[in-house]
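Next come two complexes built around subunit A: one with subunit B, the other with subunit C.
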Partner chain A sequence: MQIDMREEADITVCRIKGDVDINSSPNVRKFFENIIKEKKKKVVVDFSEVNYVDSSGLATLVEILKKMRVYGGKLKMANLSERVLGLFEITKLDKLFDIVNGEAVKNFE
Partner chain B sequence: MNKFDAEKDEVVIEVKDLVRKFGDRVVLNGINIKIRKGEIFVIMGGSGCGKSTLLRHIIGNLKPTSGQIFLMGKDIASAEEAALNEIRKKIGMSFQSSALFDSMTVGENVSLPLREHTKLNKNVIEIMVKMKLELVGLRGFEDLLPSEISGGMKKRVGLARAIAMDPQIVFYDEPTAGLDPIMSSVIDKLIVDLSNKLSMTSVVVTHDMKSVMAIADRIAMLYEGRVLEIGTPDEIKNSKNPLVKQFINGSFDGPISFFQEKEDYLDQLTG
Partner chain C sequence: MLVKIRSEIGNEKHLLKGESARLVELLGEHGVDENTIFDIRISFEEVLRNAMLHGNKESKHKKVKIETEITDECVTISVEDEGEGFDIRKIPDPTCEENLLKEGGRGVFLVQNLMDEVEYLNGGRKVVMKKAF
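The block that comes next holds the complex of A and B.
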């Protein structure tokens, strides 16, 4: 699994490549430590190259959201495949996260 | 219609010509079973038919006298302990007795495999525990001790622990034993729900006929260490095999004998 990050105006886009599972989710957590430290306010996680997220990956994303909420940061999940969206839905996390596609990615208002 | 197609579906467990003897006694006598990915496969049979022994072979706890067992493509009968442990991380096991640690809270019991086998952060594990307990309908119970919850709830905690590591296959040993009919139905529904939602393969060992018919995609009927028949619930229900029929109907009369011959008994007393 790899993550690359780019800034688009005031939005931080983190693109994950590969599966987010028990082996890789500690790396996702570590990667986001910096984003949280810098108090990035508008963050998008791009899942277009993710096939599978297990419950450790989902829990890691929940923890990131919790920490971002403390300083008023907003987090969006973008471009989820049907399978990955299904994994969010099983645990009702589709209701917790802002899940977006296309242009909505840029709309943080 | 059967939702599986034997030709195209992936086999995740294959038992080939499995024989197991304890001393002179043959407990498993040439078992052949293929279990497909995503199905709920029930191993059914009366007490002492060898079904729990078969389960213990499939999960690698017992070694066969002869034959092979492939679990997710690995021959586990000949696997070393280290390789077995790696495979075991991908399977979940729900025990008959729930097997919870009395001194640990519900949450600690569910998180145990995560704390032992992963490097996940404790905050992440805490969130995972909440997610797993939600899946088994026990949200908010994490701080209670096993002694403070009912038998049915304990079974559900055992289930939450079995799925803690997101296993590909979950094994259930007599999941409804000792439960009242309503709680049995709750557990049955949970097994079906979890299996569907999490796309897991489920292998259930039971003699609870009501449960078998409610959950199984396919059933293997075991008798005296042999597979009598494998089929869908409908196929098993309509079986012409008198042994299967007797078991399905729970009748006293039939080819399955409950007593040894009179002479044997008298011989034993006087011998």
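The block that comes next holds the complex of A and C.
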């Protein structure tokens, strides 16, 4: 698993490559700790290269969302594959997360 | 064609991924479609992780027994730990409004939704799950 980060104006885009699961969750958490520490307000997580997420991965994403909400940060999940989106829907996390496709940066409020 | 596999493993995470990779490979060889393999993979890894972490509490002295049977129609997987067991009815529904922001509790729920049949035996120490192709 690898995460690349880029800044587009005031928006931080994090592209995850690989699985978000029991093995990689600690690294995902650690990566986002810095984003949370810097109180980044607008963050897009690009899932276009994520093919597998398990309950550990989902738990880590919920943890990140909760921490960002504390300082008023907004988190968008972009380009989820059909299968990964299905997991968000089954667990009703699609109601909790702002899930978008394509131009997440342009459409950030 | 019928394939039966039995294994007994310790509670290390890398063993979980090894067992899962072997199962995915076998299902692929059987011509099972990718979406079904995805559902089985997640369910298997969730059940195995729960057995190692919550069942055996990662004890070096406890093992997880896995039995897999693949036919042309379906896969049946049994995972049994040596822990104290648990009552499935006491696991809160993670999709309830008040639980949505809780970090844990989604593994069992995912398995119940992704597999066709899930049965908890021996006081919750053994999970038998089935999915048709």
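In this section, the second predicted complex is superposed on the first by the 107 of 109 C-alpha atoms of A that agree within 3 Å, B and C clash if a C-alpha of one lies under 4 Å from a C-alpha of the other, contacts with A are read in each partner's own complex, and residues count from 1 in each chain.
One rule holds in what follows: a contact is a pair of C-beta atoms (placed from the backbone, for glycine too) under 8 Å apart; a residue touches a chain by one contact, two chains touch by 3 or more.
These numbers were taken from a predicted model, which means no experiment stands behind them.
By the touch criterion defined above, A:55 reaches both subunit B and subunit C. Legend: residue contacts after superposition of the two complexes on their common chain; A:3 is shown touching neither subunit B nor subunit C. In the superposed model, A:63 lies in contact with both subunit B and subunit C. In the superposition on chain A, A:96 contacts subunit C only, with no contact to subunit B.
Legend: residue contacts after superposition of the two complexes on their common chain; A:25 is shown touching subunit B, with no touch to subunit C. Among subunit B and subunit C, the chain that touches a larger number of residues in subunit A is C. On subunit A, the surface patch touched by subunit B in one complex and by subunit C in the other comprises residues 21-22, 54-56, 58-60, 62-63, 90-92. Within the complex formed with subunit A, the subunit C residues making contact are 13, 16-17, 35, 38, 41-42, 45-46, 49, 94-95, 100-104, 106-107, 109-110, 113-114. Looking at the complex, you find that subunit B touches subunit A at residues 114, 118-121, 123-125, 127-128, 131-132, 134-135, 165-166, 197-198. By the touch criterion stated above, subunit A contacts subunit C in their complex at residues 21-23, 52, 54-56, 58-60, 62-63, 65-66, 83, 87, 90-93, 95-96.
Those residues of subunit A that touch subunit B in the complex are listed here as 21-22, 25-26, 29, 54-56, 58-60, 62-63, 90-92.
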